[in-house]
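Letters A, B, C and D mark the chains as written, and numbering starts fresh at 1 in each.
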Amino acid sequence: MIKIDNVTMKYPNGTVALKDVSFQIKEGEFAFIIGHSGAGKSTLLKLMLKEENPTEGEIFINGKNFSKLKKRQIPQLRRSIGIVFQDFRLLPDRTVFENVAFAMRITEASHKKIKKQVPLALTLVGLGRKAKAFPTELSGGEQQRVGLARALINNPALLIADEPTGNLDPINSAEIMKLLEEINANGTTVVVITHEKNIVNDMKKRVIELDAGAVIRDEEEGKYKNEDTDI
Amino acid sequence: MIKIDNVTMKYPNGTVALKDVSFQIKEGEFAFIIGHSGAGKSTLLKLMLKEENPTEGEIFINGKNFSKLKKRQIPQLRRSIGIVFQDFRLLPDRTVFENVAFAMRITEASHKKIKKQVPLALTLVGLGRKAKAFPTELSGGEQQRVGLARALINNPALLIADEPTGNLDPINSAEIMKLLEEINANGTTVVVITHEKNIVNDMKKRVIELDAGAVIRDEEEGKYKNEDTDI
Amino acid sequence: MKIRTFSYVAGQGLRNVYKNKLMSVISMGMVAVSLMVFGIFFVILVNINANVNSIKKDYQIQVYCDASLTYNDPLIGEIEKQIKDNPNVESCKKISKEEAFQVLKYEMLKDDSTILDNMSNAFLPISFTVKLKNLSIGVQTANEFESIPNVKRVNYPQKVMEAINATASWIYMGSLLIGGILALAAMFIISNTIRLTVFARKRDINIMKYVGASNAFVRLPFIIEGMVMGILGSAISFLVIGYSYMSIIGTINNQLTTMGIVSLKLLDFTEIAAVMFLCMVGIGAVVGVIGSAISVRKHLEV
Amino acid sequence: MKIRTFSYVAGQGLRNVYKNKLMSVISMGMVAVSLMVFGIFFVILVNINANVNSIKKDYQIQVYCDASLTYNDPLIGEIEKQIKDNPNVESCKKISKEEAFQVLKYEMLKDDSTILDNMSNAFLPISFTVKLKNLSIGVQTANEFESIPNVKRVNYPQKVMEAINATASWIYMGSLLIGGILALAAMFIISNTIRLTVFARKRDINIMKYVGASNAFVRLPFIIEGMVMGILGSAISFLVIGYSYMSIIGTINNQLTTMGIVSLKLLDFTEIAAVMFLCMVGIGAVVGVIGSAISVRKHLEV
């Protein structure tokens, strides 16, 4: 599904955010990417969306080589991936409903399908009653969940979530993670970038840990940290 | 220090974010405000900044009645409070240094003082090397820490932080909380809005819990949740 | 793109006009004001042009016959026929000896006309006052008249003719130049306004792209928004100018008449409305569409 | 506000001009283009105005003396003195009988001048060609001339005089009107451009306020930015117009001369530069400052 091959990412200002990173995530897998603040997690997401291009190395998603992807093909690629952004990225002048529906509209879905599925997705993330609100009228956690609903709505083959519970209380977080697990059970590959120790420890899934841009750990059924450094 | 008196907050779109909330926080106290996503925590912060005005009830900070505050006095009020916003609110076209320095410039601090104190504050939050970066060149957690540095820089008598560790890994979080504890030890009143169970449980401080806009718990040395509902 | 997608996207464009009120009002205002400046000068220049043309038409050539020929001489008839057959002749009027005498006496000599007392009009020739269709080949036509038998002299002050021609072509070129400058200025202002309104929504465009929207999907609402704003703005401008013009045309024409300037007259608004409307709405719509398309393209590269 | 705060805040304004390149370039361009339109018409109208005034000056009154008086008659000298003493007289030229005869023969009768053969010039009067200072009291002055002893007739075509006066005042009022409209249009465009650029930074303004900045602290950089953009934009505009004007003035003046229109002449750029510069930079700077101040105020209410 995802193949990151010796990827190095150096930003124009000189910051090296990723150093020779390589890993693969197979179809149907559930993986956490963890690491300190600034370790390069979000950079990895940007690369997988072709929001940025790696300085070195190759990225493959579904066997497609990113460096060979034409500009016209990028929208298609992004539509096939559901993404929850760390900074939400909601359209401020559209309602919650329209924000989620937008991901369907770009796939030219029918009105009927949109009218049926969007409320379902909103209910799934606990925002059934906020459909008509605008993003500025939502709390931080609510905005984050709108982002999640938008990422889920097209039943993507791959779902990548950057800190999907960063603004959520434990109960909401647990519910969201259960939801992601269900989605994964239905065949979707799920990658979660997070720093919530409890979640990682509870779920016992694969853990890829980055530190200062390098992969320092890649374990099946990992924990947030080795016991000794646990705080 | 802070006195919230029968405050009700109804947003123009009809959402009742706070219902008859009352509590006091004394000078030098350290308090957590916790609650589900959408419980009204950030709304409380907005009221304390006079970003919004309560529909009913009164708010006092340092004995000043908010409803009697003139428009001209609002900047003075805000300068006396250090705030970390949930959505960071950094100025995108200024460097990290200038974002933090801005809080000093508005107090008409001298260049010398600014040059001395800003790097100190940045080092305190672990961003000593990012002074020249722009907010868009920072990771989520780094931006959050810039916001914290800006809140600390004027040694405010009151510090309110909305999810200051929402984008931080456990180690960074622990360090930030230690920092806030030190600041509190030096006499600053600290209010932290958070949903990080571990932090609340570890610190054994006062906990005010909101649910659907109402205070449902207010305990000295509280835990994140009563044991039975703990997940 | 499916029909329903197109109609959704087009609807978004209309909705944006309403949603971004401040920006829409400003854009429309900018279109209206800049095209109003263009329109005012369009009106002024069209009128100057038309009046220069009517002055050109007023310009006359005098053809003098042999003074020995009398009013009803068949040779005079022959000359008249030949003049009228010339394709460049608009009209031709025969002047009798007596009329010429009166003109000399009262229009040329005026108070000094006593010198003509006791003189007969016999020494004056029969003449023809000829108006031309096309003044720019006037010299050639005058030469043709001169070669008609029994024509003694053709009076065509070449300098005046050339001056009128030159003035007319100056005004014509001036109109084109100023009209062009103003149209360019209007385009500059309109397209830059759109650029700023698009810039203010740069983040939204980026978000749409990050979620996987195609360029066409992102761009089309902006293009429709630009078109709507261009059309509405220019229509407002057209209506304001049209209304103002119609309110003042009467006053000005009266003034001109009382001032004795009968050869100058403002055109009726109906005579210029169609061209003006097309110019203005055309500029508005085209600049709106192209301006939006270009402004958006810049932010699509993510 | 302390000096160092002021200088910091002012510096921020300058820095913003540089930082927000797109918006600065567009704002300056808008100022430049809209003031260029204003400036072009300023130049045109000032020239038309000046030329109408010079035509007014060219207008002459003819004063005819009694035909029995000869060139060196002391009574003629008396008449000349009285004319020259009139405060409204700019210049006065004496025309001899012979000169008048030549004018009659070659300028008025032309090819019909054979009728004057064998006539002497004795029947023509001595006359004075008088230029006035102020045409609007021309009729009164002419009446004064008429009451001078031995003056037979004063030729002052009242209608022409009134027409010139009317035209001049129309052009004057037209200049004011069009100049006013264009200045308003420029102000509208400039201030709305600033409004859009401020709007795009609304969130930044809000953030500054949330952190505790005073209104003055937030507003001043924008005001300085607006002023800088207004001044730079209008200066660009002034330079472009000045350069273009100076490049074409020679060509146009030559054209006018070859066309025989000697009474029309474009003004030298130095004659209009100062007023024009002040008008343009004034509009630019004032609108920049006021536009910024007002636009920012809207977003300060948080």
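By definition in this document, contacts are C-beta pairs under 8 Å (C-beta built on N, C-alpha and C of every residue); 3 or more make two chains touch, one makes a residue touch a chain.
Since the model is a prediction, treat every value here as computed from it, not as a measurement.
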* Structure fact -> Intersection of contact sets, chain C vs chain D, gives none
* So which chain is farthest from chain B, going by the mean of the CA atoms in each chain? -> C
* **Separation of chain A from chain D, taking each centre as the mean of its C-alpha atoms, in whole Å** => 67
* Which integer distance in Å separates the CA centroid of chain B from that of chain D? -> 63
* To do: Could you please state the distance in Å, as a whole number, between where the Cα atoms of chain A are centred and where those of chain B are centred?
  => 28
* Structure fact -> Multi-chain contacts in chain B, i.e. residues touching at least two other chains, fall at none
* If each chain is a dot and touching chains are joined, what shape do you get: line, ring, star, complete or other? -> ring
* Asked: Who touches whom among the chains?
  -> A-B, A-C, B-D, C-D
* To do: Spell out the part of chain C that touches chain D in their complex, as residue ranges.
  => 22-23, 26, 29-30, 33-34, 36-37, 40, 104, 108-109, 111-112, 114-116, 119, 123-124, 153, 155, 159, 162-163, 166-167, 170, 178, 181-182, 185, 188-189, 192-193, 195-197, 199-200, 255, 259-261
* Where on chain C is chain A touching in the complex? -> 1-2, 4-5, 8, 16, 19-20, 204, 207-215, 217, 302
* For chain B, which residues count as touching chain D in their complex? -> 49, 51, 75-81, 83, 85, 89-93, 102-103, 105-106, 108, 110-111, 150
* List of chain B residues in touch with chain A within their complex -> 11, 13, 15, 34-39, 41-43, 86-87, 133, 137-142, 144-145, 162-163, 166-174, 195, 197-198, 224-225, 231
